[in-house]
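Before we start, here is the structure in question, set down as C-alpha cells.
Chain IDs A, B, C and D follow the sequence of writing; residue 1 opens each chain.
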Amino acid sequence: MAGLLRIFSLYMTGLIQFGLENIASAAAWIPLHPPTASSIAQNVDLLYYFLTALTLFFTALIFGIIFFFMVKFRRRSPDEIPADTKTHLSLELTWTIIPTLITFVIFVWASVLYVRNSRPPESSMEMFVVGKQWMWHIQHPEGVREINEMHVPVGVPVKLTMTSEDVIHDFYIPAFRVKKDVMPGRYSSIWFQPTETGTFHLFCAQYCGTDHSEMIGWVYVMSPTDYAAWLAGGTKNESMAQMGGRLFSQLGCAACHTSDSSGRGPSLAGIYGTTQKMRDGNSKTVDEALIRQAIVNPNSITLPNYPPIMPTFQGQVNEEQVLQLIAYVKSLEPEERTTSSK
Amino acid sequence: MADMATHNAHHAQHDAFQHQFEDMEQQRDAGTFGMWVFLAQEIMFFGGIFAAYIVYRALFHDSFEIGSNLLNVKFGAANTVVLIASSLTMALAIHAAQAGKKGKTQVMYLLLTVLLGVIFLAVKFTFEWTADYHEHLIPGFGFIIRPEWGAAGSHVPMFFSFYFFMTGLHALHMIVGIPIILIIAVMAWRNKFDEVYHAPLEMVGLYWHFVDIVWIFLFPLLYLVGGRYLSNGGH
Amino acid sequence: MSAHLVPVKTYVGVFLVLMVLTGLTTGVAFIDLHAWNTPVALAIAVVKMVLVVLFFMHVKYSPSLTKMVIVAGFFFLALLVAFTLADELTRIWSPQVHGWSILLPILQGRF
Amino acid sequence: MSTTVIAEIPGHELPSEERVNYLTVDHSVKSWLLTHDHKRIALLYLISITLMFFVGGFFAVLMRLNLIEPTGLVAPETYNKLFSMHGIIMVFFFLVPSIPATLGNFLVPMMIGARDLAFPRINLLSWYIYIVGAAFTMYAVISGGVDTGWTFYTPYSSTFSHSQVIPAAVGVFVTGFSSILTGLNFIVTIHKMRAPGLTWFRLPLFIWAMYATSVIFILGTPVIAITLFLLGLERLLHIGIFDPAIGGDPILFQHMFWFYSHPAVYIMILPGMGVMSELITAFSRKRIFGYTFVAFSSLAIAVISFLVWGHHMFVTGQSVYAGLIFSVLSFMVAIPSAIKVFNWTATLYKGSISYEAPMLYALGFIGLFTMGGLTGLFLASLATDVHLNGTYFIVAHFHYIMVGGAVMAYLGGLHFWWPKITGRLYPDGWARFAALVIFVGFNLTFFPQFVLGYLGMPRRYAVYPGEFQVLNVMSSAGASILGVGYIIPLVYFIWSFKYGPIAGPNPWGAKGLEWTTPSPPPTENFEEVPIVTEQAYNYAGTSESAHG
C-alpha cells in the first residue's frame, strides 16, 4: 500500500506543480467564451448567463448549507441521538413553489426568445446547403458553389434551406448560436444575421458516420464591398436559376411544362407560393417541399385536370440539381403565364 | 406469539406452497397480480408498434386504405371468431378447475383451446400469407407496386410491412402460448388443479385472453381501415 | 380470481355478444360512413375488449389494484401515441415558417 | 469463506456460535448458479455488473486518451466504436441494472420483512437473461464493435453503418427483459409481501424509490424492445419504416427510442435517490425531513418522466408548438428532484453527523446532483438548447447526473450495506480517501466539458479544432484520477472478503429491518416475520402520532 501511496503523491505533486507554473498564463489560453457574432447571440448569451448564475447560486447555497451543518452538527459522542425535528409543511411548500416560479420564468423567457428567433425576416438572402456524408455543399443563388466554406456579407440576414443526401447531419455555427438537424429527403431551414466580420467555425453536430468530425468548415463574414468583390471574382458560372433553366430543358421538362400551358403539364410560371387544389379537394401551397415532391415522386400530386403521367426523376437528379430546378421555377415571372385553367 | 402458531399451521396445507409466502391466498394474489403487471408490459410492447402504425396511418392515409383493401376480410373475420371461441373454451377450462370438476374436463377444454389456436394459425399461414406471397405483397420478398394504385402506391409496402410485423408478432405470441397450454393440460390431466390451487391455469388463461384482445384490436385496424366500400372492395 | 365462481351461462352469454359485435364491426365496414368508419370500428373493438377483460379475465371480481394496472398500461400507451402525433403532425418540412395558422390545413387534410 | 477469528481488533465480538448464513450454507457451484435466494442472485449481479463497469470504463479511458491530441490517437472509425460501446455498456449493462439488481435484489425483501422476492425463479431467470444479453453485446464488441452511438439513430444505423449493429441491438433487446422481470418482481413483492404493520408510509424511502423505478421498468422498457426489434428487421429486410429513402420517417425512431430512454435516465437516478435517503438518515441519526414529500416525489418523477422526451429532439425541425409542450413539461420534472435535494439538506439540520465513507459519497452526491440537475434547465429551455444540443455541454450534464449522482450513490450504498452483505468491514480510512479521489477526479473531468460545450465543441468528435485542446487535456487528466479512484474500492472490497474485521448485525447503528438480522443474514432472512410498529428512521423513538 505504501508504494502505491508514494507513486500517487508523486503524480499529484507533479500535476499541482504544472498547474502553478502555468496558472498565470492559464487564463489567457483557456477559451471560456465563444464569439458573439450574430443578432440573436447576445440574447441567448443573456439567458445563458442567467442560468449559469442560477446554477452557481443554488450549488453554492446547497454546498454552503451542507458544510455549515457538517461542522455545526458533527457527532460529538458515539451514542449521541439528536432530538427529532418537526416537519414544517410551510417550508416544504415554499421550496416547491419557488422552484416552480423560477422555472416558469425561465420557460417564458426562453420560449419567447425561441419563437422570435425561429422566424426569418422577410428580406433575408436565400442560400442552399446540401449535407452529404462528410462534407457541406453550399450554393449561393448567384451560382457560386462552395464546399465546407460559406462567404456571407455582414449585417444581411441569411436564410438557409438545407437538406441531406444520406443520413441526418446537423448544421451548427456556434458563433451565431444557430443549429438545425439536416434531414435526408426533407427541407429544414435556419436563419442568422452576422454582426461581426471574421471567420467562424462550422460544425456537423449530429453523428453521421466515420468522418463526422471531419465534416467541419469555416464561415467567412465579410464587409459588403469585399463580399461583392469575392462574388464577382468567383467562378464565372451562371446563377442557380440559369443552371436550373438549363437542366429544365435538358431533362425535357420544357416539353410538357410549356409557358403557355398548351403542353400536357401545368405551366409553372409564377406557380411558386400559390395554393393549388388537389383532386381530392384539399389544397396545398406550392413551396420547395411540394416542388421537390413533384420532381422525385410526381404521381403523389394529383392535379384535377392533368393525368399522372409525369415520370419520376428520382436518381437522375441529385439534391443540388433539385435545388437549382426549384430556383428556376421560383424565378419564372407570373405575367408570362396565361390565366391558369384551374 | 399466538398468531405465530396459527401462521405456521398454514404452511403444511398444500404441496404447491412456496416458502416465501405466508399462505396460499397470498401466493395466488401475488401470482395473479404479477401476471397483470406482465400484461401491462405486453400492452406497452404491442403499444409501441400500434403507435408507429397509427402515426403512419395519419401521415399516409390513402396508401394504407389501398393496402387494407387488398387483405381478405372473410379470413380475418373467421379468424376473429375462432380466436374468441378459443378464449371462451379457456375461460371454461378455468371455470372447470374453480368448480372442482375432474382433471379430464379441464383437459378437454384446454385441448379445444389449443385446437382453435392451431386453426387460427393454419388459416393465417396457409391461406392468407401464402396468398399474399403469390400476389407479391410481402415487402422484402418480391413486393411489386401495382400501377393502378396511382399516387399513393409508394407507401403501400409500408402498410404491408406493418401488417406482417403486427400479425407475425401476434402469431409468435400464440406459437409460444400453445405449448404452455399443453404443459398445463398435462398438469391438469394429473389432477394437480382443484378449487384451492389453480394459479398456473389461471395465469395461462390471462395470457391467452390478452393474445385474443390484441387480435380484437388488430382486426379492425388492419383489415377494416377506412371501411371496405372502396371500389375494388378487396377479395 | 377470488373464490367467486362465474356461472357458465355468463361466459356463453358474453361469447355470443362478442360474436354479434364481430359481425357488426365487419358489416359496418361495408357501409360508407365517410370519416366515421375508423372511430366506429375502434369503438366496437374497445367494447369487445372491455367484455373480455371484465368477464373472461375476471377483472370484474378482482381487487381495484388490478384495474389500476390495466388503466396505467393504456394511459402510458395513450401518452406515447398522443405526444408522438402532436409532434409528427405539426412538422412542416418546407423552409416556410408559418404563423399560428399551420394547424388548420393539417387537421383537415389528415383526418 | 473460512471465518478466521481476529482477536486483536477490539469491539468486534467473536461470532458466538458458528451460524450458517446464506454464504456458507452451500459452497457448490450449482448452489450458486441455480440459487433461488435473492441475496445470492444479488451477488451474482454484483459480480457481472462490476465486470461490465470496468469494460465500459476501459473504453472511456481510451476515449479520453484519444482526445488529448486535437488530431486524435486512434482512427476515427475506432473512436466511433469506442464511444458507442462505452455508451451501450455503461447505460444498458451498468447504470440501468446497477442499484436495482444488486442492492435492490438484496435489500427489498429484507427491508419489508419478507423471506424472499415474490418470484425467486423469475429473479434467477432475470440474471440469466442479463448474461445472454451481455454475451451478445460482448460478441458485438469482439467481432468488430458497433459505431452507431448508444442511440442507434436511423438511417445511419439501419442502412449506412457497416458495423455489428444487429448483435448489439439483440443484446440490448434481450437485456431489456431482464430489467422488466426485476421490475415485475419488485412491484409484486412491495405490494403483496410487506410484514404485518408495515404500511406504505412506514416503508423505508429506498423501497419507494425501487417501486417508482419498477414502474418505469415495466412501462418503458418494452417500447425500446419493440423499437430495436423494428430496427433489426429494417436492417435485415431493407423495408422502409425508419429509412427516409424508402418512405419511412427517422423522426419516428427518435420518438420511440426516447420514449424509453428518457425515463431510463430516471431509472438510473431514482434508485440512487433511494440510497441517498437511507444514507443521510443513517449518518445523521435523524428522521428524514418531509417523508411524504420525498416519497411522492419519487412517484412524481416516475410519471412525469414519460412526458418529457421531446427535449432530446428540439433541433430536429420540431414545430414550435411541440417544442413548447415538451419544454414546459421538462421544467416540471425538475421540481420533484429539487424537493428531494432540499429535504436531504434539511434532514442534516440538528442531526449528529458522522463522516464514514458512505456519508462522504452521500454529501458528494447532493452537491454533484444539484449541479447536474440545474444544468438540465439549460437544456429544457428552448433558446439555449438550440446552442447547446449535441455539444459537450450535454455530455457534462448527463455525466454529472449519472457518474456524479448514480455511481456515487451506488458506491455509497455498497459501502453502507457491505457489512450486511459479506459480514465484513472494509478499511474506512482507504474508503474515505477513495471517495475524495473520486470527487476530485470527477470534477476535474467533467467541469471543463461544460465550458467546452458552451464553446460549441460537438459531441462524438474524434478530432477537434486546436483551441479546445487545453480543456480536453484537463478533462483527460481528471479521467485518469477518476480511473484510479474507482480501482481503490475494488481492491479493498476484495481484500475485506478475507481479512476484513467481522461486522456485527448493525455496525452503523442504523434503523431498518435489514439491520435486525445477523450479518451476513441466514437464507430465510428472519427466523419469524417481524412486526413493525413505528415509522421509518425513528432514531429519536418518538411515537408516530407526535408529528405528521
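Note that in this section contacts are C-beta pairs under 8 Å (C-beta built on N, C-alpha and C of every residue); 3 or more make two chains touch, one makes a residue touch a chain.
What you are looking at is a predicted structure, and each value in this text was computed from that prediction instead of being measured.
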Set of chains adjacent to subunit A and to subunit C: B, D
Two chains joined by the most C-beta pairs in contact, as defined above: A-D
Between subunit B and subunit D, centroid-to-centroid distance (C-alpha), Å: 35
Intercentroid distance (Cα basis), subunit B paired with subunit A, Å: 46
Distance between chain centroids, defined by C-alpha means - subunit B, subunit C (Å): 17
Sequence positions of subunit B contacting 2 or more other chains: 33, 37, 40-41, 44, 47-48, 51, 55, 59, 154
Touching two or more other chains - residue numbers and ranges from subunit C: 65, 72-73, 76, 80, 84, 88, 93
Interface hub residues of subunit A, defined as touching at least two other chains: 118, 183, 186, 188
Contacting residues of subunit D [partner subunit A, same complex]: 72, 76-77, 80, 147-149, 153, 155-156, 160-161, 244-245, 250-251, 284-287, 289-291, 293, 315-317, 320, 323-324, 327-328, 331-332, 334-335, 338-339, 341-343, 345-346, 348-355, 363, 366-367, 370-371, 374-375, 377-378, 380-384, 386-387, 389-391, 430, 451, 454-456, 458-465, 467-468, 470-471, 477, 484, 509, 539-542, 546-548
Residue ranges of subunit C touching subunit D (in the complex, touch as defined): 65, 72-73, 76, 79-80, 83-84, 86-88, 90-93, 102-103
Contact footprint of subunit A on subunit B as seen in their complex: 62, 150-154
Residues on subunit A engaged by subunit B in the complex (per definition of touch): 280, 297, 299-302, 308
List of subunit C residues in touch with subunit B within their complex: 1, 3, 5-6, 8, 11-12, 15, 18-19, 22-23, 25-26, 29-33, 37-38, 41-42, 44-45, 48-49, 52-53, 55-57, 62, 65-66, 69-70, 72-74, 76-77, 80-81, 84-85, 88-89, 110-111
